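Can you read through this structure? Questions will come right after.
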Amino acid sequence: MDWQLVVDSFWPLLLGGLAGTIPLALASFAIGLVLALVVALLRLSSNPVLSWIGRAYVSVIRGTPLLVQLFVIFYGMPEIGIRLDPWPSAIIAFSLNVGGYAAEVVRAAILSVPKGQWEAGWTIGMSPARSLSRIILPQAARVSVPPLSNTFISLVKDTSLASLILVTELFRKAQEIAAFSSEFMTVYLEAAFIYWMFCTVLAAGQNALEKRLDRYVAH
Amino acid sequence: MSHTEDRRQGALLTARGIHKSFGANHVLRGVDLEVGRGDVVALIGASGSGKTTVLRSLNGLETPDAGELRFDGGPVVDFGAQAAGQDGGRSGRRTAARTAKTNRAALRDRSAMVFQHHNLFPHRTVLENVIEGPTQVQRVPRETAVGRAEELLARVGLADKRDAYPHELSGGQQQRVGIVRALALQPDLLLFDEPTSALDPELVGEVLTVMKELAEEGWTMVVVTHELQFARQVASEVLFLDGGVVVERGAPAQIFTDPAEERTRQFLQRVLHPLD
Amino acid sequence: GCGSSGESSGAGDELGLSGDTLVVATEGTYRPFSYHDETGELVGYDVEVAQAVAENLGLEVEFQETQWDAIFTGLDAGRFDTIANQVTITPEREAKYVFSTPYTVSTGVLVVAADNDDITSFADLDGKTTAQSLTSNWNDLAKESGAKVEAVEGWAQAVALLEQGRVDATINDSLTYLDYANTEDASGIKVAAETDEESQSAFVVTPERKALATAIDGALDELQADGTLADLGEKYFGEDVSQ
Amino acid sequence: MDWQLVVDSFWPLLLGGLAGTIPLALASFAIGLVLALVVALLRLSSNPVLSWIGRAYVSVIRGTPLLVQLFVIFYGMPEIGIRLDPWPSAIIAFSLNVGGYAAEVVRAAILSVPKGQWEAGWTIGMSPARSLSRIILPQAARVSVPPLSNTFISLVKDTSLASLILVTELFRKAQEIAAFSSEFMTVYLEAAFIYWMFCTVLAAGQNALEKRLDRYVAH
Amino acid sequence: MSHTEDRRQGALLTARGIHKSFGANHVLRGVDLEVGRGDVVALIGASGSGKTTVLRSLNGLETPDAGELRFDGGPVVDFGAQAAGQDGGRSGRRTAARTAKTNRAALRDRSAMVFQHHNLFPHRTVLENVIEGPTQVQRVPRETAVGRAEELLARVGLADKRDAYPHELSGGQQQRVGIVRALALQPDLLLFDEPTSALDPELVGEVLTVMKELAEEGWTMVVVTHELQFARQVASEVLFLDGGVVVERGAPAQIFTDPAEERTRQFLQRVLHPLD
């Protein structure tokens, strides 16, 4: 192991993570969650057309490689006249991807809230939309924290594909350093360590969030 | 209470020929029901006989397949019309759907329900549970709603629990909060679905006592219950349901001491004397 | 940002560029042609040639770094104006794209483990296994020689496989080997043979940009004439590799 | 779109999937499941050392990129004298990976079986091991089918990384064909379609399995 | 039944000074208990008083922190020893752990338990549920086990349900299968934890009737129950538990008509007359 290389490359790698990986993951996750809620509601809709749209979306997103999704957004869209810069393209592609995966989580979480909660909302006069936002979603949130944080951890690692569409992040930095030094094993291990650090911090955040949300729920 | 007097007159709710199926399961087969102002109607019957379904039809949680409901001399809500609409092609169906929606909401806005498993909102405090309906739906100013809520909580002995979360309460306390949440809506009709059957026996009393007081104050109530003692003491009328039909109805004294129907007699025997 | 920078009309317009910027795609991980040095700066022979060409044409240059998988797709999609990444001129590519005059002419070397004496010529590859990067045309040469080809990401992995004895050989650019031998410990490997045929690398553009290719040709001629290309060759390989 | 290319490359791609992707995914999934059970039991163990080992394993596997895991097994292990062929390396790496992800699923599924089932096993005289195998796991199986089939679908797509360690599968085939024809977009879209086909078949299988396991469970 | 006679003699189980805490919650505070062969002991008390914990201590589902248990004149299982072991350093702890393990298994193998929520194995048929213990643990040949199981199922009126899955049965049927599963182990002691409290009222009778028959046949039983009628008719002794202590014990006739303790009286009042 070339320790000098490890030391020299630590900051560039970390910087690639902090300036590329993390903002990309955060932005995509935030937008993806909103999308996921919409898709989950489509899937839960009693209207067969809407529900089919939701199902088809999830099926395509989850059934095809993320790499191809990135390709289509960045290199395919210009053919129909839409040309976006790398960062917007990456955020769109990852958001769409998160939307597909998280939709299933959100849907399951909504279904996990006892039917009696909807009924209580109904009896005190609430519209379904209001019941959803004030009663169901706050409870679904607790249930969906663990699976959503899995989705987020996967996303953090998946952002390494963004280098394909010209976004510089942690993994791209690692490739650059590896190409220069030929010590790909060392550099990749170091990158893995930084990913692991990020994920560990995330997991700690998840625990804190779960505790917070547990406050008002029976054990 | 100030509104006690004007509750004791005329039929508040009339139900005629209510039918309801779940798939192939024909659960209600023509249920008639009349609830006068200030009445306490007890619905009894074996598990699966349709008690809950009757109750839920009264507040729109279920939409009957046929029959009509009339509230307080208001317009007749005719579920038959809807069934007819179903044959009437696309626009007929749409009108029917719209009507059903309006009907359901109309029913619901006159009544309030207390559930078997309380269904309190676990992420909100006791107070927030109680004022949710008044402030969010009825647009009562928060101040007013809180004031009323505190008054009601004090009445059921839970003034000091206003900031507790539901899981911090005992089962009996949870049910009492459920009752307060219903009262806070100031409904014309209170619906209870076995409010004590999920409770530990020594907690049953505290809930029944509150219900008894409400009855004495003149609230109109429909109560599904297995507490025959309570029905006997508090109800103005008892309905025995079996197989989706009201088999027998009458004053509690008559039903419990001298049931006209063999089925009623058997049911009472099984519940009151399980070991004989 | 990508592509469209300035509004000032200049040299770019006639060449079909949007503005005065030449957008050049490169891998950035292909030493010594296109890579990042210790300071993180993008450098390399192809990079500097592209910079010189742009300067000669009076254009700004903007590099877009991506993986080989995406490089032609991006060219097709108009994301890049050209590629500077040792793109070898092949008949298949010539059918689809337009090449400039070549700026690198090199031979291929057959590299084996230092203790391997079985393979001394390309003919010996018959039935053997080679590690090749799919991006290079050496891939085809290995196949023609009867070798089984294992695809790897790049040169470093090929060397690792050779040293671990998992493949018998790798064919790559002599320039890549030279650079590696000059900067890293290459005691585990050696050159077993060299091709007679030379391969030529050039800038590549889409057919609509034929004018750009012509302009690049002109620029390369001038850079050839004033010795710039030779100097760059000296800098990276110790010799002129442009012809 | 070059339709001739699409037609010509369909069989090679499909073959790459059937001879590479699918067997690799199946073998890794089977081994990974066994591993997942072991890790889940470690994590559930009351022995703090064992439970720490389980947690650490899951943390490392989930916190680091799969690509690095593949590299370590294939390029790194020879440095400590263990040199495996591409296929065994790939199967080991993917199994270890599945083991980490599925361990959490298995653990959650075991915890989801009501405590009363363990107690019923105890009262009729069963050892914990026997309760686990005869009572808990059959019930946990039903719960874990949906999340495990997600793990499997991810695995199918992740096997594309095996090309990095010289295993020829669907995605490698696509790269070869694309590199030769320079038609990356067309070929990748086609590959995506084949992945989607595989995933759709899998999803159908999942449904069938869920129905079967639902047979004796209340609704 | 052939073994009826030899069940009616001597103390089958003696418990002395049982203590148990969950964290800071000191749930049992020195419970003494004696169960003779053929006795039916009823444990009553408010929710949270520790009834279930007592029962679970008798079959090893909980390990008491202190106290001793003795089965059928066998060796004394001393949980105090274990507590002592905890001070005794590492090897002491290990020995204590091993002893506790053996003790728990010994307790468990003499008894069988019927749960409040049946805890039947949902993925196995009724018959498979019943023969699981005999065939898998007691190594009874399958033929024999099936024969006995069918006999027992017939006795509780469920012969025709042998191939049904638990979820296809009513609550009362599920509990009867639970009883049969316990009987099939041929235990010395049957433990019941509120076997009817999760049932619809009209189904309670069918389960209590089976339990009454078992008592009459001479099975030794400890029953946690809220069915005071049942306790009164069937129990040979009633124990009233409050705050982890046996506050009062005696013959049902005495406890129910003339409780010595004020706490007992209050509890009975609340349960028997919730509305007063």
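The letters A, B, C, D and E name the chains in turn, as written, and every chain counts its residues from 1.
The definition used in the following text is that a contact is a pair of C-beta atoms (placed from the backbone, for glycine too) under 8 Å apart; a residue touches a chain by one contact, two chains touch by 3 or more.
Here's who's who by UniProt: A, D = Amino acid ABC transporter permease; B, E = Amino acid ABC transporter ATP-binding protein.
All values reported here derive from a predicted model rather than from experimental measurement.
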Original post:
What's the chain with its C-alpha centre farthest out from chain B?
Top reply: C
Subject >> Whole-Å gap between the CA centroids of chain B and chain C >> reply: 80
**OP:** Would you mind pulling out the distance in Å between where the CA atoms of chain A average out and where those of chain E do?
**Re:** 51
Subject >> Distance from chain E to chain D - Cα centre to Cα centre, in angstrom >> reply: 45
Original post:
What whole-Å value do you get for the distance between chain B and chain E if each is reduced to the mean of its CA atoms?
Top reply: 38
Subject >> Residue numbers of chain B (touch at least two other chains) >> reply: none
Subject >> Per-residue overlap in chain C, given as positions that touch at least 2 other chains >> reply: 69-70, 73, 76, 157, 160
Subject >> Where chain A touches two or more other chains, by residue >> reply: 71, 75-76, 184-185
Original post:
Tell me, which pairs of chains are in touch?
Top reply: A-B, A-C, A-D, B-E, C-D, D-E
Original post:
In their shared complex, at which residues does chain B touch chain A?
Top reply: 59-61, 108-109, 111-113, 115, 117, 119-125, 132-133, 136-138, 165-167, 181-182, 185
Original post:
Across the complex, what residues on chain D touch chain E?
Top reply: 114, 116-117, 119-120, 122-126, 130, 134-135, 138-139, 215-219
Original post:
Which bits of chain A are touching chain C when the two form their complex?
Top reply: 8, 12, 71, 74-76, 78-79, 83, 85-86, 163-166, 168, 172, 175-180, 182-185
Subject >> Interface residues, chain D side, partner chain A - complex >> reply: 59-60, 62-69, 71-72, 75-76, 104, 150, 153-154, 157, 160, 171, 184-185, 188-189, 191-193, 195-196, 198-200, 203
**OP:** Would you tell me which residues of chain B are touching chain E in their complex?
**Re:** 46-47, 200-205, 208-209, 212, 226-227, 229-230, 233, 267, 270-271, 273-275
